[in-house]
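To keep things simple, chains are lettered A, B, C, D, E, F and G as they appear, and every chain counts its residues starting from 1.
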Amino acid sequence: MNALGWALMILGAALLAVAALGLLRLPDALSRQHAATKAATLALGLMLAGLALLQPSPAWWIRIGALVAVLAATVPIASHALARAAAPRADD
Amino acid sequence: MNAERSVVLETTVAFFYWVMLAASLWLLLRGHNAPGGGFVAALVAVAATAAHALVFGVAAARARLPFGPLGLSALGLALAAASGLPALLLGQAFLTHLWGELAVGGLALKISTVLIFDLGVALCVWGALGGFCLRLLETVR
Amino acid sequence: MNGALAAAPVLVPLLTAALTVALARWPRRQRAASAAGALLLLLCCAALLQGAIGGMVVTARFGEWDAPFAIAFRIDRAAALMLAVNAVLAVAVLAYPGRGALATPFGAPLVHGLLAGAGGAYATADLFNFYVWFEVMLIAALGLIVAGRRPEHLEAGLKYLVLNLFGTVLLLAAVAGLYGLTGQLNYEALGLALAGRGDDPLALLLGAMLLVALLIKAGAFPFLFWLPAAYPVLPAPLLALFTALTTKVGAYALLRVLYEVFPAAAPTYAQALGWIAVATLVAGVMGAVYHYDVRRILAFHSVSQMGYILLAVALGGAAGIAAALFFSIHHILVKANLYLIAGMIASRGGHHDLRRIGALARTDPGLAVLFALSAAALVGFPPLSGFWAKLLILREGAAQERYLWMALALCTSALTLLSMAKIWIEAFWKPHPAPAAVPQGPLAPGAWAACGMLALLALALGVMPGPLIDFLHQAAATMAAPPSGLAP
Amino acid sequence: MKRFVAGVVILWRVFVAIGRSGWQISWRILRPSRSFAPGFVEYRFQPMGPAATTVLACLICITPGTTAVDVDAANGSMRLHLLDAGHGDAVLEEIRLLFEGAVRTLFAKEDVS
Amino acid sequence: MTILVEVFLGAALLLVLEALRRLPGTANRIVAVDLLSVCALAACVVAAARSGHTAFLDVALGFALVAFLATVCWAFALRAGMPEEDGP
Amino acid sequence: MVQAVLPAASQAIWIRGAWLIPLALLPAVAGLPGEPASWSVPWVAPLGVRLGFTADGLARLFLLLVCGVGAAVLAYTPGYLRGHARLGQLMCLLIAFTLAMAGAILADDLLLLLLFWEATSVLSFLLVGFEHDSQDSRDSARQALLVTGAGGLALLAGIVLILLAAPGLRLSDLAHLDPAVLDDARFQAGVALVLVGAMTKSAQFPFHFWLPGAMAAPTPVSAYLHSATMVNLGVYVMARFDEAMGAVPWWEATLLSIGTITALWGAVQAPRERDLKRILAWSTVSALGTLTVLIGLPNELGALAFAAFVLAHALYKAPLFFVAGNVDHATGTRLIDRLSGLRHGMPATALAALLAGLSMAGLPATVGFVAKDSIKAAKEVSEVLWVVEGASLLVSTVGVAVASVAVVRIFFGRPAHPAGHNPHEGGWRLALPPLALAGLGIALGLFPALAEPLVADAARMIAPGLAPADASLQTDWLLRLESFAVVWAVGALVYAGWNRLYRLLDRLRFLDRAGPAAAYGAALRGLKHGAGAVARGLQGRRLSRYLGTTVAATVLLCAPWAFGLGFPAPAAISIDGAGVLVGCAAAILGAVLALRARGTLGRLLGAGAVGVGSAVVFLFRGAPDLALTQLAVESVFVVVAAVALRRYRQGPGTVARRVGAWRAAVALAFGVLLGAVLLALSGRPLDGAMADYFLAQSVPQGHGRNVVNVIIVDFRSLDTLGEIAVVMLAALAAWPLARRLPARRKKP
Amino acid sequence: MIEWAMAASVAVVAAAGLYLASSRDLVSIAVGLALLGSAVNLFVFAAGRLGQAAPPLIAPGAAAPLAAVANPLPQALVLTAIVIGFAFACFSIALALALAAHDGRADADALEQAEPPPRPDGDPGELP
């Protein structure tokens, strides 16, 4: 359980690094935004899942659940807002 | 910031405004035992106010601040200062906090002047920083 | 009761500030609340002073926590006196007809914020708490500076902000460093903890940082740039308030820090401090000699006079401390009055620049008397307050055989005379350069009341300095005494 | 009950979508040699209420390779940014299949059509 | 073993900062800042894992709520038209 | 300015009767018997200052002059300035001056003397500048104030030193001073400084130049201040110290040389003037020099001569000033070239001039003769240098010539005066005072015994050893005539050749360029330049310089101790600290980012990165509250930053492409200083008592499990109260700054 | 090791802050001041020592921490300092914006309204 938890954490962290790498590798702001939101969400999700395995107690799970909910709600909005801002206007 | 309206942001911010205020209250109430407290609570509230202002306009956000931003701030400061006054009546030093138990339906609630102090901190900071953000946002509308 | 009284120097102005913010939309109610707050503060400070005269040291450990751990206010003779003088000045400034910054909706709360900051800084016996109150003062002062909103106000605000914020950063670092070194924040506890470290370079370095931070706040050479940059563009009542509340707090804290926190190392610092003081004296007065704008002249004199205070601080001992406190009080009363009078000169003459005004002795004889009295007090003609202040410093300096310092101080005095004579000759004697120009309208009774009150106080101080000197000797003896151990 | 099921379905699909989209973009970052062409497409749908539109837009944002840029709730159209516009139609079809219906069910009352 | 998490976290932070330094244009950098706050969230999670205190998750929760504002605000500013600065 | 208080009517009753005030003072003190009378009450106890007054012989002599001349002046002034709008003001100042002089002369306490001394300086400033519409008058007033004010400071310094050497010393103690005190270097230095002060007041070389300048004052003021009272204050103080200091070698030598130079200087300058008042002023300088020489003479007869000459000088110089005033009043000029034969229009003034002139020339049967005779006697007894002797001869000669100019040249001969004027007497107020004083001079010359007790009493205060036999002023003047004949003859020659002498002396232009007056001007100009340089240095106006200098000075003042710091050795990297390292790295990179960014966004984001780095450090060092606060602050700050980005345009050229080396060095030095302190600190043990107290008390007493929060709201809640005050005040402060922009200006 | 890292970051951040604070660009000055504040916050935090990674929280039911925890006092001090620093940062930015709005040059070194330039000959001249 512990090992799996840490493995998920490491995987998540690695994915975060990959997302950061994406900033440098992807061609334009909109594409980079995909990296910043989607990969990062997955990374955080993996880390939180790992943490849930590492700390199997309700006090932790409640918080992890709340955090996941908040992230799931805010990340797409952030993504939308960023994309909206970075994209050329429709009427351009 | 005069971006044109977005239904997504309007819907979510209208919802999140209350979520953030609830979170702010939560941080305020449990600050004595876990991370949080008046200042952070206020910052979350300020964030809510600012987000509301961004999406629905400054006037709408200001209308949601009771007493107006600076009045709120003054109220907060007065509350925080006043929380230290009861102790003076008991002959103790200023800001000596008093604790009491309040029985509400079989639940023993700890109430104290500390909470008033923290509430004062939160209101003061919310009003001041929220008001400042609103005023600043107004300049670029 | 004592506990309430101890908190009053911050509590009253803070509550007044909050109230006046809430009343910002109703100017008349706001003015009434502001005046009531100032009078209440004066009342509380008078009570504190009354107690201090009786030898009582009002202390409060906020929250009733144990001795070195709680934030403590310790209002001894010196603090009570400075607080009382501040309160007097606040009343005078609020009586003075407000224009510019003070008449804006947030003028009153900012003034009370400034008072709260100064009150806390005088009363506190906790180094970090001192930092907090100093920040309160700084932001309130900035608010008042920029409230005029004209470009020169904003520029003054920027210079004031940047240079003072550096001082604040230094102050905070020094405070934290001293905490890290000793584990204490209370003055007395710090003094005890540092007593055995007279030669620890880290302690000395932290002390030097703290002193430099306070010197920046006090406007000493070569940290004075913010003062002549910011002061000369401000309206008269603000200047009066600033001269009392900002630099003097720095000097007072310098006294406290040197003789309560670093008594062992004080002689090490005194040499450097003395030369800084002399440089401040000379630099300030030279600037005053150069300028033709009344406010600029007075601002540079503020620098120069701070040199006297610092000189007394550097001399140290009970006599030096007493001299520093006497000089501070004299300077607050007289200089604040001169700033107010400068405002009256400008409102009658139509300008602050001496080259544009004149003949006021003929048109405003009362103003002339008022100015002459205050200027003579500033120069130090006997038997006005400045004379005794100067004499106290000279006596102690000569007793310590600091002849060069004293000689330079006397030269400064001569140049002070020169520049005061300049204001008199140019503004009051010289025929008006544009004879068609008529005085700008009558002076408000509030202005006369404020200036008259301050002048009477300064006069009383000059004619009867004995009781105050005695009182200050007692105050200084308490301050210069080695730490006695902490009260339980 | 129907709406509860729809909610659960959406949650599950979101869960999967997060995993897929994260994986997809990571892969793309690590293998940049594979050429792809980002671009915009127009996604049209049956107009629905603002809340429903918002949820749909959020789901689209979570879906692999797509982000909602401009949303017009009244006319039922969105401008999407696709990481790989080459497969645009397939992606739109997938969205329609996976999310649009479920969201419509979830917000049945609010349906304006 | 656990240090790997911090190494990856550090790597992510450094890459984001490098992106902030190197990427041209406002939009790119705002995207990078968004990722920076995700990194901070991740740091909270790691700190929670290492210390065994839920307190750090509370931090993450509070921050997640306000970070949302930050991104939205940047987006609005960008959308409203910030001056495009050439070069970092 | 006094008009505000007093009625403005120019001939109010109090103005007309003001001359009685000094006369009323006279019997109060001068009428006392020969023994000194003292009166003293404590004033400033902690400084040992008393309101102590003593009236002894010397004081009485001077007081008599002050009151007598004062009465004459106060009687004269309303006539001289009839109808002047500010006559009342002038009268008030003159009365105040009388009181100040009386106080200075009676004062026994040194600081009290200083008080009245400074009062006379200030009043003299106001009096000299009375006609302040004229630039000349203002400049003269300022000059007088500066010179005597500086002298006052020397006096203050001297008194401080004297009181340090001899605490509680009073002037009346000087006569019987403890020899140990006299040996104290501080006492001698103090007396030297007092002497400097006295020299400025008494217009001794090189401080004399203010006196001729002060002739810009209205004539009554000159007659009062600059003939025989205020300028005498300096010699009065010298005389007070003479008995005590007589034993000190430098004292008498200094007095003799200063007095001689001053007397000579005045004598040389007098013939170079055409303005009657200025001629008289120079002769006053000369007389003051002579008085100083007399104090410096080492025998008792010198003291007697001093006292006699003080009296005589007052009795002829004051009337001569009045005469100059009358002439000016009647003709509108004081230039001797344009005046002659005025005796026809102004007989009374001519008579007064004649009587005073006779006395000044030292002709027999005048008080001037009596004084000159005692001077001669004193010099004969002392073995003074031939230079002094010769100088005094020259001075006497010029005195005779000046007296002749003031009398013969102006009042006799063919009538001549500026057109449009009809010289006539200006009423009894102008005629009587000079006549009375000059007449008194003749009376005392005829009956010296009348003055003898007064003069001898005064002399005994300076020289207690003066024998009664030597104290006589009576001389068989017929026997003495021949010794003065030479002086009179040469004086007559000088008078006859006055114009030629004027042209000759006028060539001595270098005296104007190199003299002390020129030095004064040069000093003022130098001061102006110096002040300009200092002001420029302090107000470079560039904020970056201000900050740079402030920081550099900070580092320099702190650096000496930084070299003694010891640092802990860097330990190996531990897994435990990895998170902190990540945070530190982020903070450093963020700082570099902010530093190197050219745009506003880059800077703001860099600062944000520093914040995130700090938050990471806080997270990994057990500070969740801090991390949350820091991160929340960074997020909310985005609103501010975004607005800044929308509104702000960098100024052209404000962002330098190159690193400013000096700026960077100063900044780095300060950073390194902070870092070094931190590092040195981390090698020391921490006294954790405070932390332990808070940790222990948090739950039982603070009812909270988050210790940081309990500190914030309870243990140190006062800090928090101040902190939220800062936040509210910051909002108030920023409120007027954040205003909607005016329409954006188009950039060219 | 972390002590050295902290000292280094304090030094670098403070130096960068001061460098920026002494620049001519108004917003750079504000940012520099903020950085200076951040540096000194780190300094205060580290001055309380970096020994423990456990937060100063007390478990429910316990009267005191069961194990060693981080020093809570510097945390409280830094918290205060952060808030104050934030207030000042807001004010600085507002001031910078207001100044820039008044003066199109937005150059801190070109400000000369409050301090008229002294003349080289030391004579302020007849009239400005």
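Definition applied: contacts are C-beta pairs under 8 Å (C-beta built on N, C-alpha and C of every residue); 3 or more make two chains touch, one makes a residue touch a chain.
Everything numeric here is computed off the predicted structure, so don't read it as measured data.
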Worksheet entry | Chain nearest the global centroid, as defined over all protein CA atoms shown | C
Fill in: CA centroid of subunit A to CA centroid of subunit C, Å
56
Item to complete: Averaged over CA atoms, how far is the centre of subunit C from the centre of subunit F? Could you give it in whole Å?
Response: 26
Discussion item. Can you work out the whole-Å distance between the CA centroids of subunit A and subunit F?
Written reply: 78
Item to complete: Could you tell me the distance, in whole angstrom, between the mean C-alpha positions of subunit B and subunit D?
Response: 37
Practice prompt. Specify, in ascending order, the residues of subunit E that touch 2 or more different other chains.
Written response: 2, 6-7, 9, 13-14, 32, 39, 46, 50-51, 53-56, 58-59, 61-62, 65-69, 72-74, 76-77, 79-80
Worksheet item: Hey, what residues on subunit C touch two or more of the other chains?
Response: 14, 17-18, 21, 62-63, 109, 128, 132, 135, 139, 142, 146, 149, 154, 158-159, 162, 166, 173, 177, 180, 228-229, 290-291
Response to the item:
Each of the following residues of subunit B touches two or more other chains, namely 1, 3, 6, 8-9, 12, 16, 33-36, 39-40, 43-44, 47, 50, 70, 73-74, 77, 81, 84, 94-95, 97, 125, 128-129, 132, 136, 139-140
Discussion item. So which chains actually touch one another? I want all the pairs, not just one.
Written reply: A-B, A-D, A-E, B-C, B-D, B-E, B-F, B-G, C-F, C-G, E-F, E-G, F-G
Worksheet item: In the complex formed with subunit G, which residues of subunit F make contact?
Response: 528-533, 535-536, 539, 541-544, 547-548, 551, 568, 570-574, 576-577, 580-581, 584-585, 587-588, 590-592, 594-595, 600, 603-604, 606-607, 610-611, 613-614, 617-618, 620-626, 629-630, 633, 636-637, 640-641, 643-644, 647-656, 663-664, 666-668, 670-672, 674-679, 681-682, 686, 688, 690-691, 694-696, 698-700, 705-708, 711-712, 715-716, 719-720, 723-724, 726-727, 729-731, 733-734, 737-739, 741-742, 745, 747
Worksheet, complete the sentence: Per the touch rule, the subunit D residues reaching subunit A in their complex are 14, 18-19, 21-26, 28-30, 32, 38, 40, 57-62, 64-65, 67-71, 79, 81, 83
Worksheet item: Which residues, counting only subunit G, touch subunit B once they are in their complex?
Response: 55, 57, 60, 79, 83, 86-87, 90, 94, 97
Fill in: Residues of subunit E touching subunit B in the complex
54-55, 58-59, 61-62, 65-66, 68-69, 72-73, 76-77, 79-80
Practice prompt. Going by the contact rule at the top, pick out the subunit B residues touching subunit E in the complex.
Written response: 1-3, 9, 13, 16, 19-20, 23, 27, 34-36, 40, 43-44, 47-48, 50-51, 54-55, 140
